[in-house]
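Here subunit A shows up in two complexes: once beside subunit B, once beside subunit C.
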Partner chain A sequence: MPPRIRSSNCPPQQLLLNYLDAPLPSSLLPLHRSSAPSSSSPSCRSQQTSPQCQQQTSSFSTSQPREMTKPQREFRAFLKRMGKQFEKHEGNGPKYLCQVHQPKVDNVPFPSNKSFKSEPVLSSRARQTIWEAVMLKGMPLKAVSAQYQVDMRRVAAVVRLMEIEKRMERENAAMAIPYAQAVEKMLPRANLDSSEEEPFEPINDVHVHSFTMQQLFVPVSESREFTRKDAAKAFGDHILPPDHKMRIPELVDMEKAILNGIPQEKAEQEFLKQTRESERRFAESQKYVAAKKDAKKSKVDTERFEFRIENFNSEAVGKKGRARNAVGWRYGVPFNDRQRGLYKIPTSVG
Partner chain B sequence: MRCERRILRYHSLKRGRVRQTWNKYNMYNLLRLRNSISSMGTFFQQKWAAKAATRAYHGEHIKEKQWERMFSRRLLSAVNMDPAYMAKYDGSEQAAGRGSGRDVKPGKWSKAQVARNTGNAEALTPYMQMTFAPQERRLDIAVYRALFASSARQARQFVVHGAVKVNGKKMQHPGYLLNPGDLFQVDPEKVMIATGRKKSSKSESLSTPKQPAAEEEAETAEEATEAAEQSVEELGPEQLQAQHLEGLKLLHQHAKKIIEANKEKLSGGHKKEIRELSQKIKEAMNRARKAGSDVQETGDDMQNLATLMSHLELTPTERKEFQKQQEQQASEAPAAETTSASPSAPTPLSPSPDYPQLKTRTPVPKTSTKFDKIESQILKRLLEEEKINPYDPSKPYATPWRPRPYMSAFAFIPRYLEVNPKICAAVYLRHPVARPGKSEIPTPFGTQISQLAFNWYLRRR
Partner chain C sequence: MVVKIRLARFGRTNSPFYNIVVAHARTARNSRPLEVIGTYDPIPKKDTYDESGRLHKDIKLDITRAKYWIGVGAQPTETATRLLSMVGIVDPKHQKTPPRKSTPKKEKVVTVEA
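Take a look at the complex of A and B:
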């Protein structure tokens, strides 16, 4: 097909004449327009300034690259100025967005939400200290928790993770050491030194039961001592008073002893003894449960395997034959493990 | 088939949605985030806007239906009970008098007199910030919160691809809800990919030495040589010491370069020589550590090392030629200048501007034994860093590993997790709770927006 010239108010002959008469200096011509007729040459424009003439120019790729939008420009400017300090982490400590506008507000990663703070994490040294206290010195978890003001569950988790770390070190397994170093530099840390005045975290926190969040009006005689226990009972029969919910009740005993005039060192020793005793009792009970469970199984030890055989009542399958702990396949009761709309993700891994 | 929500215009500047990622656009959007929703619209409109904004951040990859099922109107909170208070009071003091505790006379108020349960902030409990607490139980979001992935979507991918273990067993469901005490572990290599700088093909290729780090090194080396040229005549002893330090650094950089260059084509001989090099460096450092040693000696060591390294850069045949040439030089001492200037002489492969500088460093004063210790420590540290975080072109991320840009603005670990970043494992300690004055849910939104969103999900449908 021959090349077509678009219908235009600029006649082609005129264009050609213009082109021949007054060629534009090369510096003024757009680069990739050598073959195109110069519709936007001055004479054409002087003759007809209709929008159609403009349209013709836009059909060629002579237009300027699209400018950045305002948000894009602002974003670029932000990256060049304020954002520059976040590009590469320097120094030994956290650097959060809040420090841009309010340098006094510390460790708030979200400028609009002041109630969430980036709280310190245990440094690698602190983790080592906890591990040594538990595994080398043999201190009870409750005592370690009380000494360093670290939640008991966290103490247990630290020991668990450190054991894995040490095993991986022994096995020469791949670890993310440069990553760990970088992350530690970016986070606020607690070394659990004696120099730190603030406790690391509350160790005796009590869950707020939803029953206790309502307002109650309980008529009580003026002469009656209305204690925490009475208040708990007023909220509901099954509601425990906070004295029973304390994670380390031995600490309360220690404080009571100190109030009764027993010297602090003696009270602390008693506390250590009590916590050790409670830990031993817990371990024993766990052992007892495991032994009881084990006793139900009869074991047949062949050379290669140990078969553990347990008795089950195959009749106890519930009303619909689908009881949770029912064993085996039952005639006429199809499995629902592929049924739609049922939750099939495991609820626990153990 | 699982249908993923599309992520077109994920970090739009125009809409300004905040997401669970470490993206720089996201950082900007986070900074621009408005604290409240305008009260111009109806209550429904306000709730809708709040829901849209919060859901764009909280589990945007989770389908709305699924989240609605997960939502719970029971917001968990905890209060610290001080053992000293518990021991001293049984709570009856709060019900004394007319039922709300005895008044303290204005003049007699003191901290010791008033029974107080310490350990809690004097502020309201931000319950409304706990709206999206159930989502923090999800495995993929916990992986993101533990800083093992740069976005929640990436964390989800890690789970789906089988890189995450829960209690030692592979768990492929991103929607698995962690139970208190669950330990999850991510493949360290995946974490390094997710959190490390991207590898640009240009910087990693060996043929083009124009990577930024190398350029910087070259610049510093040039500066050092210029400074060294001045040194002999003008500079004082302290500046000379500084140069000495600089020289040691350069030497180390050079050693690094050699190791990098030879990594892929390591023959047995090369390996042996690298071992020898490290041995020599150790010896030099030990010598420097000795109290009696002077800098003159260490300077000689450095020269030796420099020559050793220049050998390392040559291929075996070239090295033979080089040795031959040196023998010639030794025999024709007066004509040494011409041979070294001849174009046929095999030169080291990489430009090494630090050699002449090293030679100029012979006139170093002898009163710098203390400084030497510092230098040797620096060198030692550098060598150790190199050992831990080596250059390795086979890795899918830029090596030596560095954190990705803008990571620090998003780096925080909430208290309900205990993380060990070295082994890329974490324990989900307990469900997140709100305490007086602080909430444990990392949410970028203010109380008003969270409250409106909570109200949206409260309604029965």
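Take a look at the complex of A and C:
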């Protein structure tokens, strides 16, 4: 501990004043002192009541405040005049800079980048609608996706997140609802009402594989029927025909049925039946995979935890014992979990 | 030299992860072992969609190799014994036995002769 000076002998304020009164050697003086009187100089301190002197520096500072740059000055001026209306968000929906001059343009947030359009997000009401359709009415995800024109993956994500939200509500967990509401008010959003004419997003887009982007000449006899399946095979053995790449092929079947003269209601019923069946099959296959994985593990229940012990072959470690999928932390190999520039965000939901 | 079955700590600060290894007793903890026969993740986890809040811990173990090493005289440490005893490779060090019931003593019958 450094020795302390007793306060009765030397009060700290006195120390400061002594320091300020002592003349500084010329080499220590900052350059601006020669031109402008500083607040710490005796001349300034004598007239400390003048507002200019107080504004320039704090009482303890010996340096001059930095001058504002031109952009900074302009920004301050903008905040005082035009920027005033952006200080507090009012109304329902986004308020962009472009709307000041062109009130009709409502989805361009950056005035210098006209081609960037902000897309609407699902409103909380829309999310509730989707959740009710899936969890309460028990509609298959594909049917919900088709009804509201929302991508199937987004429907699944909405249901997952809503379930987490509801669980937090049940557990009385702390939630930032006012914050969420405030942010939602500032965003363009879609309610998924029947009044909205444009669909929210395309739902049945087919992914284009880069292999299929090339031009290919395949000699085919005239008598042969050359289908999409054959075309896909011509591009590569692993390339799927577009009919298999569709997320909701049942929609195509429904349209075909309507074209063949089957009444729309009946076709829709059939669509619901097909989607339900495909969802059941998918769930079953997932269950089978999970059960198979589970069967490998032996479970030991203790009072506090359940230990899940998975048997495996530790000898499959490759020629040098450093195979990527070998068990355990590897020896003599850097572990890049903290290296910059690598994606560490999980790409699947477990 | 004595061959041990023990844990080697990897992972990061506050997130340990262990390799279950077979190594010579006098080598450093994280040095290259004779063999890695499993892993032990000591951080308890919940199942994603299980609301009961029951926690589980994951262990991977090559049971055949573990049995072999025990057979040729490798000595598991106390923690390794605890893990290996869960699959019945070794006997557990501490066994839960129900407390012995104390039999009530028979009261002596005193006959007082008048």
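Just a few scattered comments:
In the analysis below, the second predicted complex is superposed on the first by the 206 of 350 C-alpha atoms of A that agree within 3 Å, B and C clash if a C-alpha of one lies under 4 Å from a C-alpha of the other, contacts with A are read in each partner's own complex, and residues count from 1 in each chain.
Just so we're on the same page, a residue touches a chain if its C-beta (ideal position, glycine included) is under 8 Å from a C-beta of that chain, and two chains touch if they have at least 3 such contacts.
Worth saying up front: this structure is predicted, and the values here are computed from it rather than measured.
In the superposed model, A:Leu259 lies in contact with subunit B only, and not with subunit C.
Note on subunit A: of its two partners subunit C and subunit B, the one contacting more of its residues is B.
When the two structures are aligned on the shared chain, A:Glu119 is found in touch with subunit B, with no touch to subunit C. Legend: residue contacts after superposition of the two complexes on their common chain; A:Thr227 is shown touching subunit B, with no touch to subunit C. Contacts of A:Gly328 after superposition on the shared chain: subunit C is touched, whereas subunit B is not. Within the superposed three-chain model, A:Ser298 lies in touch with subunit C and out of touch with subunit B [touch as defined at top]. Touched by subunit B in one complex and by subunit C in the other are residues 350 of subunit A.
Residue ranges on subunit C touching subunit A, taken from their complex, read 8, 10-12, 17, 19-20, 32-33, 35-39, 44, 48, 51, 54-63, 65, 83, 86-87. Across the complex, subunit A meets subunit B through its residues 69, 71-72, 75, 78-79, 82-83, 86-89, 94-97, 100, 107, 109-113, 115-119, 121-122, 124, 127, 151, 153-154, 157-158, 160-162, 164-165, 168, 174-180, 182-184, 186-187, 199, 201-202, 204-208, 210, 220, 225-229, 231, 241-243, 245-246, 248, 251-256, 258-259, 345-350.
Those residues of subunit B that touch subunit A in the complex are listed here as 13-14, 24-25, 27-28, 30-31, 33-35, 74, 76-84, 86-88, 90-92, 95, 99, 119-120, 126, 129, 147, 166-167, 169, 171, 173, 175-177, 179-183, 185, 188-189, 191-192, 195-196, 388-389, 400-403, 405-415, 418-427, 429-430, 433, 435, 437-447.
Residues of subunit A touching subunit C in their complex: 167, 298, 300, 304-315, 317, 326-329, 331-332, 337, 350.
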